[in-house]
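Presented below are the structures under discussion, each in the form of structure tokens.
Okay, so subunit A shows up in both of these, paired with subunit B first and subunit C after.
Presenting the complex of A and B:
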């Protein structure tokens, strides 16, 4: 299975723009399925983007975030060719990590 | 306002003309069906109604109708929400069945770049064959279970097949067979027939009112609407096929939807695709 995280990071000299798309059901725990049974909560709780050993972006998420969430932000610094490390942890303890080269 | 009353007037005149035609029909009615003239008139209707929209832009549905939405979409397309389905479809397409064959064995050109030829009229069977139907038949012929016609796997497969056909012009043919013409005519009839508690036809929204709002949505023009299938709809938070679009359209106007891939739906897809001939395939698409 391919990674659940898609990232594109582009540096424009001073700043780096990061876009990411994460594949995750993000079930809030308040929705019922077609049989009327509650779909248990299953969502990403923590998302981090790490550059050069430091967090450049961290998010504490809950069930209010949409399915397959999309994130976009910019941070100061970041050099072309350097690596950005992205990881998430969900409420069931599952996790995924990937790295992307800044372009 | 003037334009709108002109349209109402025109459609009333058309309806009258159709009535007169229908009453005059019985003998030799069939040779009155003229798909070539139909398609020309259909395309002219939209190009006249939206002179600013580039012809090939009609495949982009609501985005061709609204500048703000167009900009948002362009940004979205840099990171399209159908990407996961596309990857899944690519993987599924290449993976052999238990008997060692693949989808590529069922399609011309190995299934790559063929989306624009679907649906086609099968003269042996006397019916319209859509891409979804062909895919499930391919599975069954190879001893696999068919997929649901509306979403997930089917949408992923068609997404991949549409992606490999992007930019190719829709090329639906009506063979010289009275049954093909009949299927076309029935599809057209379905498209223009009002149904459901709200008494809407497909044309009410997608011919009369494209570009206008229906609640928060902007209606897409009927022309080229099938070229973008399958679509990722944010409202569904997932992918859907043409079948899913047809069935949900029907339930939204409070009609009872037919089963996916019923003859009526296949005919209407045939009609819609035929009148969209010459427009590029743009699927898979992303819609609000």
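Presenting the complex of A and C:
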């Protein structure tokens, strides 16, 4: 299965900018389908980014984050060629993990 | 063994059990999940269910926020599509530990809370859903205090459907 996570991490020397795009429906549980039935809540709750064994960014999300979520942040350090580890877990307990090389 | 140690151990055991259950999905090497979850703060389930700005702030932080011009909230004046509203925040405040986004008129007010470890810049960009025209508030926790900035975003087509 292809990863649901796409990450671009770019080092500028002193800092590393990280952009992540994740495939996920992010159903809030407030929307009805065409038959008028509520689409059950299904959204990522936690997303973490690890570099060099340390947590560099962590998100707690609700159903108010857009479908196929996008997030951008920057951390100090990060060397070209090093790996960044990205993981998420959703409200149904599903999870995905990937690594991305810093460019 | 102290109570603190006991509860930490217990949590790890529970997370381990969760990881075992997930092996059935086959897309995750064993051992990654406990490390990930242990590095994470507990998910603030209650805060995400609150229906007003004040209740979210109380549940999440237990203190009041003071408006600050050092918090820069970047949001569109008008969002044509409430399903995808790009919002970003940055701040010149020091010792930032977390950043949270709130939309007053959404069914659940709290959208996201980002935990910012030392060494990570206090700036985040993301895309959020808005049910209708609403005040958008960003909270920045810095040096143990809570600061805020807000802006009204007009929504022409709501993002939360029927």
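Keep in mind that, in the parts below, the second predicted complex is superposed on the first by the 103 of 103 C-alpha atoms of A that agree within 3 Å, B and C clash if a C-alpha of one lies under 4 Å from a C-alpha of the other, contacts with A are read in each partner's own complex, and residues count from 1 in each chain.
In the analysis below, contacts are C-beta pairs under 8 Å (C-beta built on N, C-alpha and C of every residue); 3 or more make two chains touch, one makes a residue touch a chain.
Just so we're clear, the structure is a prediction, and the values are computed from it rather than from any experiment.
Chemist: Identify whether subunit B and subunit C fit side by side or clash on subunit A in the overlaid structures.
Modeler: fit
Chemist: Mind checking the angle subunit B, subunit A, subunit C on Cα centres after superposing, to the nearest 10 degrees?
Modeler: 110
Chemist: Give one of first, second, both or neither to describe whether A:45 is in contact with subunit B, with subunit C, with both, or with none.
Modeler: second
Chemist: On subunit A, which partner's contacts cover more residues, subunit B's or subunit C's?
Modeler: Ranking subunit B and subunit C by residues of subunit A touched puts C first.
Chemist: Have a look at where A:70 lands relative to subunit B and subunit C in the superposition and call it first, second, both or neither.
Modeler: After superposition on chain A, A:70 lies in contact with both partners, subunit B and subunit C.
Chemist: I want to verify one number: the closest Cα approach of subunit B to subunit C after the superposition, in Å.
Modeler: 5
Chemist: Once the two structures are fitted together, what part of subunit A is touched by subunit B and by subunit C alike?
Modeler: Touching subunit B in the first complex and subunit C in the second, residues 66-67, 70 of subunit A appear in both lists.
Chemist: Which residues of subunit A touch subunit B once you look at their complex with the stated criterion?
Modeler: 2, 6, 8, 19, 21, 23, 66-68, 70
Chemist: Considering only the defined contacts, which subunit B positions touch subunit A in the complex?
Modeler: Going through subunit B, the ones touching subunit A are 78-79, 81, 83-84, 87, 237-238.
Chemist: Where on subunit C does subunit A make contact in their complex?
Modeler: By the definition above, subunit C touches subunit A via 18, 21-22, 25, 27-29, 32-33, 36-37, 39-41, 43-44, 48, 83-85, 88, 103, 106-108, 110-117, 119-121, 123-129, 131, 159-162.
Chemist: Please name which positions on subunit A make contact with subunit C in the complex.
Modeler: Touch residues, subunit A against subunit C: 1, 15, 26, 28, 30-32, 36, 45-46, 48, 50, 54-67, 69-77, 87, 89, 93-97.
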